[in-house]
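Single-structure report; data block below.
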Amino acid sequence: MTIKVGVLGAHGRVGQAIVEGVNAAADLDLVAEVGRGEDLQVVVDNEAQVIVDFTQPASVMGNLEFCIKHGIHCVVGTTGFDEEKLAQVEKWTAAPGAGHVLIAPNFAISAVLTMVFARQAAKFFETAEVVEFHHPAKLDAPSGTAIHTAQGIAAARKAAGLGAMPDATEQSLPGARGADVDGIPVHAVRTRGMVAHEEVIFGAQGQSLTIRQDSYDRSSFTPGVLEGVRKIAQHPGLVVGLENYLDL
Amino acid sequence: MTIKVGVLGAHGRVGQAIVEGVNAAADLDLVAEVGRGEDLQVVVDNEAQVIVDFTQPASVMGNLEFCIKHGIHCVVGTTGFDEEKLAQVEKWTAAPGAGHVLIAPNFAISAVLTMVFARQAAKFFETAEVVEFHHPAKLDAPSGTAIHTAQGIAAARKAAGLGAMPDATEQSLPGARGADVDGIPVHAVRTRGMVAHEEVIFGAQGQSLTIRQDSYDRSSFTPGVLEGVRKIAQHPGLVVGLENYLDL
Amino acid sequence: MTIKVGVLGAHGRVGQAIVEGVNAAADLDLVAEVGRGEDLQVVVDNEAQVIVDFTQPASVMGNLEFCIKHGIHCVVGTTGFDEEKLAQVEKWTAAPGAGHVLIAPNFAISAVLTMVFARQAAKFFETAEVVEFHHPAKLDAPSGTAIHTAQGIAAARKAAGLGAMPDATEQSLPGARGADVDGIPVHAVRTRGMVAHEEVIFGAQGQSLTIRQDSYDRSSFTPGVLEGVRKIAQHPGLVVGLENYLDL
Amino acid sequence: MTIKVGVLGAHGRVGQAIVEGVNAAADLDLVAEVGRGEDLQVVVDNEAQVIVDFTQPASVMGNLEFCIKHGIHCVVGTTGFDEEKLAQVEKWTAAPGAGHVLIAPNFAISAVLTMVFARQAAKFFETAEVVEFHHPAKLDAPSGTAIHTAQGIAAARKAAGLGAMPDATEQSLPGARGADVDGIPVHAVRTRGMVAHEEVIFGAQGQSLTIRQDSYDRSSFTPGVLEGVRKIAQHPGLVVGLENYLDL
């Protein structure tokens, strides 16, 4: 039995990649493609069980209210959720018969696993650093994902009772030791030709462990989105972060 | 309160590294160093709570029987355990007041985590390959650790219902695609100067995840051994594999 | 002063990337785009000084004869040249006023430099191995580039009087040590999501040197083609291989 | 015919590694080992043709004056040479029958080649960054080798007429983009377990080239020192930098 899927924001670049991904999956059935400004009623009429929303912060709340109330589950990659909006979505999902919601800042399965493994590994190593690599047109440094990864490592170190990392540096050029994110150095490399890559380097006596994630093109979020579509029926209410779906 | 530790095989290269590690740890107290052919009674007389055994297959069973019966826990890196010997050790540990036993083929925490993470990640990726790098004096290819890693990936793929990996290769030089370990290609590189290194490469649409472990010298097993010493009191009976102690 | 450029095979995928590259270069002027079956006379009429040919083996010889005789230089990425065809091209270029020709099997500057540096480094290291990574739809393993790289290393070792590499392997699974290309082990990894990547690993006492090339998309040959266009006026006759243009 | 070699500073850690290296080389004959404060006359008495000096800044000038005047060639890894001292050494080597001198800040062949290749590659890429990795007991960041590498890249870019590298970063945490060495970002990672490692990352359209050097232990300078010993007879006067001996 296949799952009936609707795609909102279907005509954008990301939406097109999801449409292709759903069409290529034998267990998923694409029943609705909705573009900007088009009527959402089609997802109800075509009996979509799950919708995928990669639209705009300005439209996503309306989309979610409509779908949740119709009992349709929502896999959401649109950005711009603050605490207040999350609370509102959670309230909607609490109603009887309401649709479930997954909101994730990053659907690239390799990036999500890098963060999860980094948090798991952190307590076993004396040192941890993050190096991320992106194309030189990127506006922020370090990337949000790298900052998030470093914060997770820092929290895991703290929970395990680890103190500050050893670092004997006395003589240094400004910036050489990277940005300090909760005590974890984070380095941002900008290289023409690269897309989005992250490396977490842990060190202990006589050894190191490196977890590296490479995104080669924009379609890298597709497998994670499809994973969300397949599992959302088992996760009532609001869930934030794909890692909660992974059954590790 | 410190833990009182005895080291068996204390005069060998590995034993010396452990002796140094125990001495450097504030929460551990070295109370006995036993060399080949020396009397084990010293570990009882000095009230060792845990012994570490990196000796020989010919002597380890005798060491274990003696220590377990005296209620002393045993952290064991000595090789050569078959099913029969493991059953015997398990029987000894079942007696009232018996010492606990941890037997691990690999105590390098980075290598153990690589295997654990590889098994966790396997079900999310279409392809998985293992590349290991060692010095050219190594006798076996691939390494036991790489084979073990590949077997874990293969088992995880099977459990998740994944079939054979895609591979369109039609024209190939013999050996180019590596050794086949339960369907996972494993490649062994032999490079002067390197010590022991392993890389697991997972691929999915538009992305890859690489988990890499580097051992730079023989002391790399020390942190894992000390982890075993600290936690063995909480793990009754026989446990095989350091991963079972890691609380991931 | 700009260089006037014509592109043959302009409507194919590769041709389009070159058209974009020429258009984006301030020192180059695109004067002709010729598709399959269209009349070449346009490159003469529009006074092209250099043409780029990424067409088919069946048409490239006719294109070259025409352009060379009109004194137009030719940068050629089309495949299928054997000794006989190369000899014919060389003869055409020997005439007074003839156009110059550059034929290269690989225009990705990072791949070309990897081969060049590998040949330079080979004599200083005891061991050398090649690992290449491609998408699983690739038909041949190892890649032609990896074989070519290994052959270059083998030739450099031989010229320096180096013998067989050390390798103590006694117990091995078939394929673990890779394909043997003139004594150099070559390993081919097939990973979903990757494009085209090559790593050359040299080892000597206490150290290793790794040269790695990553191609992330099809446009990676463009900078090398433009380099060829800019320099071909200084290289009379037939030159095979972009490395001869690099002034290292 | 073997080359007769004397080792000064023979009882230090580095000296011992060189003694072992000379002893292991079939074409070299160890004729003198001189420790701190011992009489240099033994290198003359035993007819050393080349000496290796890994001693102290306070003693190296005296050693060089003595050996050069006796026509003995000197391979020197001792640090602390300023312009004045180099001028003095050069003057000594200009005398008839004087010994030749090679002074090199780094004898690890993999590190030297990384610098050489980085300079060669620089003009072909839009972007270049350096990441170095050392143990956390290192006092300076970035390493001298990394700074030297970045300066070489910057000089090569300037010579080729390349301008500033593209970097759209608008929003940044302090230090994220590394230290600025003549316009080249340099990042220093400090990881327990690592020794000395350097990575140079070049980027161009659709591709990247990475040159990486790993030093696993202190003996990594030995092959470079022996290369110096073998070739110094062909290089009269004073030469600074092993790269000048490599015949690339």
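For reference, chains read A, B, C and D in written order, and residue numbers begin at 1 within each chain.
Keep in mind that, in the parts below, a contact is a pair of C-beta atoms (placed from the backbone, for glycine too) under 8 Å apart; a residue touches a chain by one contact, two chains touch by 3 or more.
Composition by chain, UniProt nomenclature: A, B, C, D = 4-hydroxy-tetrahydrodipicolinate reductase.
Computed from a predicted structure; not experimentally measured.
Peer 1: Moving only to chains each one touches, count the minimum steps from chain A until you reach chain C.
Peer 2: The least step count works out to 1.
Peer 1: Could you pull out the chain whose C-alpha mean position is farthest off from that of chain B?
Peer 2: Following the centroid criterion, the farthest chain would be C.
Peer 1: Same or different, please, for the chain B to chain C contact, judged on whether over half of the interface numbers appear on both copies.
Peer 2: Mostly the same residues.
Peer 1: Please state whether B-D or A-B has more C-beta contact pairs across its interface.
Peer 2: Answer by contact count: A-B.
Peer 1: Starting from the mean Cα coordinates of chain A and chain B, work out the distance between those two points in Å.
Peer 2: The answer is 33 Å.
Peer 1: Suppose each chain is reduced to the average of its Cα coordinates; what separation in Å results between chain B and chain C?
Peer 2: That gives a centre separation of 45 Å.
Peer 1: Where the CA atoms of chain B average out and where those of chain D average out, how many Å apart are those spots?
Peer 2: 38
Peer 1: On chain B, where are the residues touching two or more other chains?
Peer 2: Within chain B, residues 125, 193-194, 202, 204-208, 214, 216-217, 220 contact more than one other chain.
Peer 1: Under the stated contact criterion, what part of chain D meets chain B in this complex?
Peer 2: For chain D paired with chain B, touching residues are 193-195, 214, 216-217, 220.
Peer 1: Tell me, which parts of chain B touch chain C in their complex?
Peer 2: Contact set of chain B toward chain C: 125-127, 129, 131, 133, 136-142, 147, 165-181, 185-194, 201-208.
Peer 1: Name, in rising order, each residue of chain B that touches chain A in their complex.
Peer 2: Those residues of chain B that touch chain A are 21, 108-111, 113-114, 117, 120-121, 124-125, 202, 204-223, 227, 246, 248.
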